[in-house]
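In the two complexes below, chain A is the common chain; its partner is chain B in one and chain C in the other.
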Partner chain A sequence: MELGGLLTYGVFFLTQAGIYAVLALGLNVQYGLTGQINIGVAGFFAVGAYTSAILTTATSSAHLGGFDLPFLVGIAGAMAASAIVAVGIGWVTMRLRSDYLAIATIGIAEIIRLAFKNEEWLTNGVRGIPGIPRPFVETLGADPLISLGVVLGFILLGYWMVERARRSPWGRVLRAIRENEDGVMAAGKNVARFRLQAFVFGSSLMGMAGGLYAHFLGFISPEAFMPLYGTFLVWVMLIAGGAGNNRGAVLGAFAIWMLWSATDSLTRELGAEYATQAGALRVLLIGVLLQVILIARPQGILPEHGRRKGSR
Partner chain B sequence: MATDLLQLAIYGVVSGSILTLGAIGVSLIYGILRFAHFAHGDLMAVGAYFAFSLVAGLGFPLWASAPFAVAGTALVAVAIDQTVYRRLRRVSPIILLISSFGIAIALRSVVQLIWGPHNQVYASGIQLPWRVGDIVIKPDHVWIVLGAIVLVTALHLFLTRTKMGKAMRAMSDNMDLALVSGIPSERVIVVTWAVGGGMAAVAGIFLGMDTRLHPVMGWSLLLPVFAAAILGGIGRPYGAIAGGMVIGLAMEMSTVVIDPTYKPAVAFALMVLMLIVRPQGLFKGNP
Partner chain C sequence: MIQIEGVSKAFGGLRAVDSVHFTVATGGITGLIGPNGAGKTTLFSILAGFLHPDEGRVILDGEDVTGLPPHKLFHRGLVRTFQIPKEFSRMTVRDNLMIVPPGQSGEVLANAWFRWGAVRREDTRVRAKVDEVLEFLNLTHVADELAGNLSGGQKKLLELGRTMMIDAKVVLLDEPGAGVNRTLLNNIRDAIRRLNQDRGYTFCLIEHDMDLIAQLCDPVVVMAQGQVLTQGSMDEIRANTEVQDAYLGGGVSGRGVSAMTDDDIGKGGNGATDGADETDEEWRP
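And then the complex of A and B:
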């Protein structure tokens, strides 16, 4: 590959990894800080992507809207829509054990997937929504580097928000809930409310990632989300990087995305006739990698601050 | 209209039988190990595909290949427990849940690697259905319901009449008391995985008979299976029967009023309703 192609690929790679980093930060609020299990990451991601797409595309008869609004309004809408979905599901499950939340998020992600596929008036069904404008395309142009810069900016924003939350008294309550729920309740805190806040905060970050993804690709359809593998990759990223550590979440996203992309180029060498087997083999490798990490280094590359080795 | 409803009720009992067999496994595992086993749906798929190998590869009739598939899947379940879950048991149930999510994905990839990503069927061609008035009954449906009844009865006898079954119930009811009274917990755990895995294999085979085989067949059934287990009271295998039937019937009957693609949403709605009204389930579980 010549230098120009390599550079283009590098920009593409970093932008995608960056979007995963925002997802990993969102999951870190839910799992890393609070101990909540969300298996529906892809669902919140899809809600964000579709919301931003509908808000920012030109008016079309094929789907709801579009409303032709600016990029930042689309991202804000994406965060709000994911937050609303999170409030609904969180309100029911916050008083219950974390396993119930895990099962409920599978359900909500599945229903979101079915709805986006079948409700053509809303999303144009399997044909998807084309023509989503790149971020700030009117003022800055369509250079992929601009998109990368915007994504990196949002990583910084997300990191700053989550890190501030983690260091704040609010974040300490979340970690206390994770470690000892009864103790926090005895201290007079409303555990269910803190949990709900954390869940909604994390989900809105996932919605933000979805919005970025829609503007970066310019086209979204129900097939574009790899519903389960997307969720799974984010989990492996967070666990590998270090759950509870925001720098770990970002580092894990880039490291695992590099691994995932490397296995992709390796399997492409095998040729088209083995394409499906190669895809399955990649997923299998990541699945085994998760088990190895959980057994051998459960604290991840960058352990959570103030946590003794192997105490989780 | 009345015959339509009766017809749907028959389909509901059939899918309820399949869900029951899956939900019993989930409930047993939850009762003993206190974690939601997310790889259970994919264990079902593994069982279904084991039977498919014997049917398509060696020309076995399906009923004869089922015992091998059950044994094979039970072995896979025990092997996963011994290599992975056993090392994580002391850490926390949440880590076990995440690990089982990874196992689910890995199992599905293995199925896809070995048997390919396409739809498969046990027997091609159309089964001649029986007609009772306007009601259509496929012979496969009768076998599925009868098979489920036999298995559930066998499980009941196992849990109430054998020493191992009683030990399992004791561990599920009160772990500490069971341990101090000298129950061999590791052996009970192995048997739990074998029973849960075996039941999952049968559920998978029945699902394959009822519809078709596909690598995601198990995962797509995971939500209704958990809904059934929660409805019945998670950790309570007898509740799983009631939960499975309610979810199965509700999912099929709902097609009268809503688009059949939203069947999983019905299971989800019932589960959410139960979580709001009575989180411990119909039969008091361990919420």
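And then the complex of A and C:
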């Protein structure tokens, strides 16, 4: 029994960390490669989750749809919806310098969350959307290991997409934009176009993570897309793992999720009467951890550049 | 090649560039000199599309290109460099130049996923081209260094290298010699000359080093307080008292002007008239 419980927990843990890994890969395209400070990760995560939920659940009077479509259609829809939202936001904000983009995106993510909370016809409001089918449940059954396998598959897909992009001339231009925008303009590149592409690509990966999250938990509500979980943890993961390095992004996601889960066990020792304080304490610990990383190892566990070999 | 017709640009109350007219002749090396704050760099930024002029037109190769963005002008063969190098610090020197060739298939994201082989093959060709340019600039030994680790002079060479990655028509060089030691400066001078003669680049260059200007440029355009003061050969410029006044802030006479003649423009003139290219005097105006 003990072992079974541990195994179940392990699978649950890895699946959740894996979803964060996809988020971190998306953020790595935007921040690690291009230097865009998107503090609205949770917004794209939410758009993806709700899109896939609406596309794949059985028809319900409580929210739009559902359309009872297959899992993969849901994920594709999640990516497309996040990409479309990113095009809209990007078109308006791409002229902004990085710090203004940060402020704009944090606001937009909150608007998205509040819209999902209040537009009951669309999302069933605070009651959320239940009954989201597990991936391939009809063909492969409901074993949590299947979900884990699917999530790991999507990490590989996301990693492959971002790594190829990073090593291509496309990624080279993005890194140059991060370093010096004027220089890229003088090199004849349409900087605005590249920035928008990076923003949209990164956001669609965040949408993919949102879709995975919805199918994995089976239930989503607006509470799940608070900035703490949806945005700040992802930032800590990317910075800890190594911004600009895709393996670092994945490693950071797993490492930080482990720490985050550990603080949960630790603070639970405080007892039920301190539950509120314990929650705040966990956030504080993560904040302190971020500070320590930024001071002691700002390049992260796996830095962008290996020893002297440059970018390849 | 470039006709500048009545171009003006004001920042608040300051008329940084004030109805400037002149022509950068095809195949030539035009010098642009003037005291600090004369509006030279602002004019360059307008020509290269980084700033919009308030008035006036820029004609490139017979076509009105006023207000086109930098990347469009680049595709018409107009390239600029910066006074303060804009290298990509955390990228290798080689990658700094591999950025430049336009229309690389790998700049389309989908090709990176679905046509990787073709992208890699093209990248190999670009890399070979970059290695040629690095060889030309004596930068081969630092090809894999991060560009941020280069010396100031090497960064200047890297800026020049960017213009060599395409078949540029006009190259605007903003102080290619500033902060560069004599040996490196000679390299830069020779590179400019060879690019002009062998590859037919038209140059317009801003420079405070009168030696370099005298050796390379004809004609020389003098700007002061946003306006074109005069233009002509270096000898004519040197003899022009208005120019001397401009360098000294105007209204200075007698001793001041003669001091200027000796120490500033005159010195560069000696170097040129004696044909003494190799006088390794460390001198700046």
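FYI, the second predicted complex is superposed on the first by the 301 of 312 C-alpha atoms of A that agree within 3 Å, B and C clash if a C-alpha of one lies under 4 Å from a C-alpha of the other, contacts with A are read in each partner's own complex, and residues count from 1 in each chain.
One rule holds in what follows: contacts are C-beta pairs under 8 Å (C-beta built on N, C-alpha and C of every residue); 3 or more make two chains touch, one makes a residue touch a chain.
These numbers were taken from a predicted model, which means no experiment stands behind them.
> Who does A:3 touch here: chain B (first), chain C (second), both, or neither?
Touch status of A:3: no partner.
> Classify the contacts of A:272 with the two partner chains as first (chain B alone), second (chain C alone), both, or neither.
A:272 sits against neither chain B nor chain C.
> Applying the document's definition of touching, compare chain B and chain C: which contacts more of chain A?
Here the partner covering more residues of chain A is B.
> Tell me the contact category for A:114 with respect to chain B and chain C: first, second, both or neither.
A:114: touches chain B, not chain C.
> Check whether A:229 is in contact with chain B, with chain C, with both or with neither, and answer first, second, both or neither.
first
> Could you look at A:39 and tell me whether it touches chain B, chain C, both or neither (first, second, both, neither)?
In the superposed model, A:39 contacts chain B only, not chain C.
> After the superposition on A, what does A:172 contact: first (chain B), second (chain C), both or neither?
second
> Residue numbers of chain C touching chain A in their complex, please.
48, 50, 69-71, 74-75, 79-82, 86-92, 94-96, 98-100, 102, 104-109, 111-113, 116, 119, 123, 126, 144, 146, 162, 166
> Mind pulling up the chain A residues that touch chain B in the complex?
Its residues touching chain B are 35, 37, 39, 92-93, 95-100, 102-104, 106-108, 110-111, 114, 117-118, 228-229, 232, 235-236, 239, 276-277, 279-281, 283-284, 286-288, 290-291, 294-295, 298, 312.
> Which residues of chain A touch chain C once you look at their complex with the stated criterion?
161, 164-165, 167-173, 175-176, 178-180, 182-191, 197, 201, 304-305, 308-311
> Touching residues of chain B toward chain A in the complex: what are they?
It is residues 35-36, 38, 84, 87-88, 91-95, 97-99, 101-103, 105-106, 108-110, 112-113, 116-117, 219-220, 222-223, 226-227, 230, 259, 261-262, 264-265, 267-268, 271-272, 275-276, 279, 287 of chain B that touch chain A.
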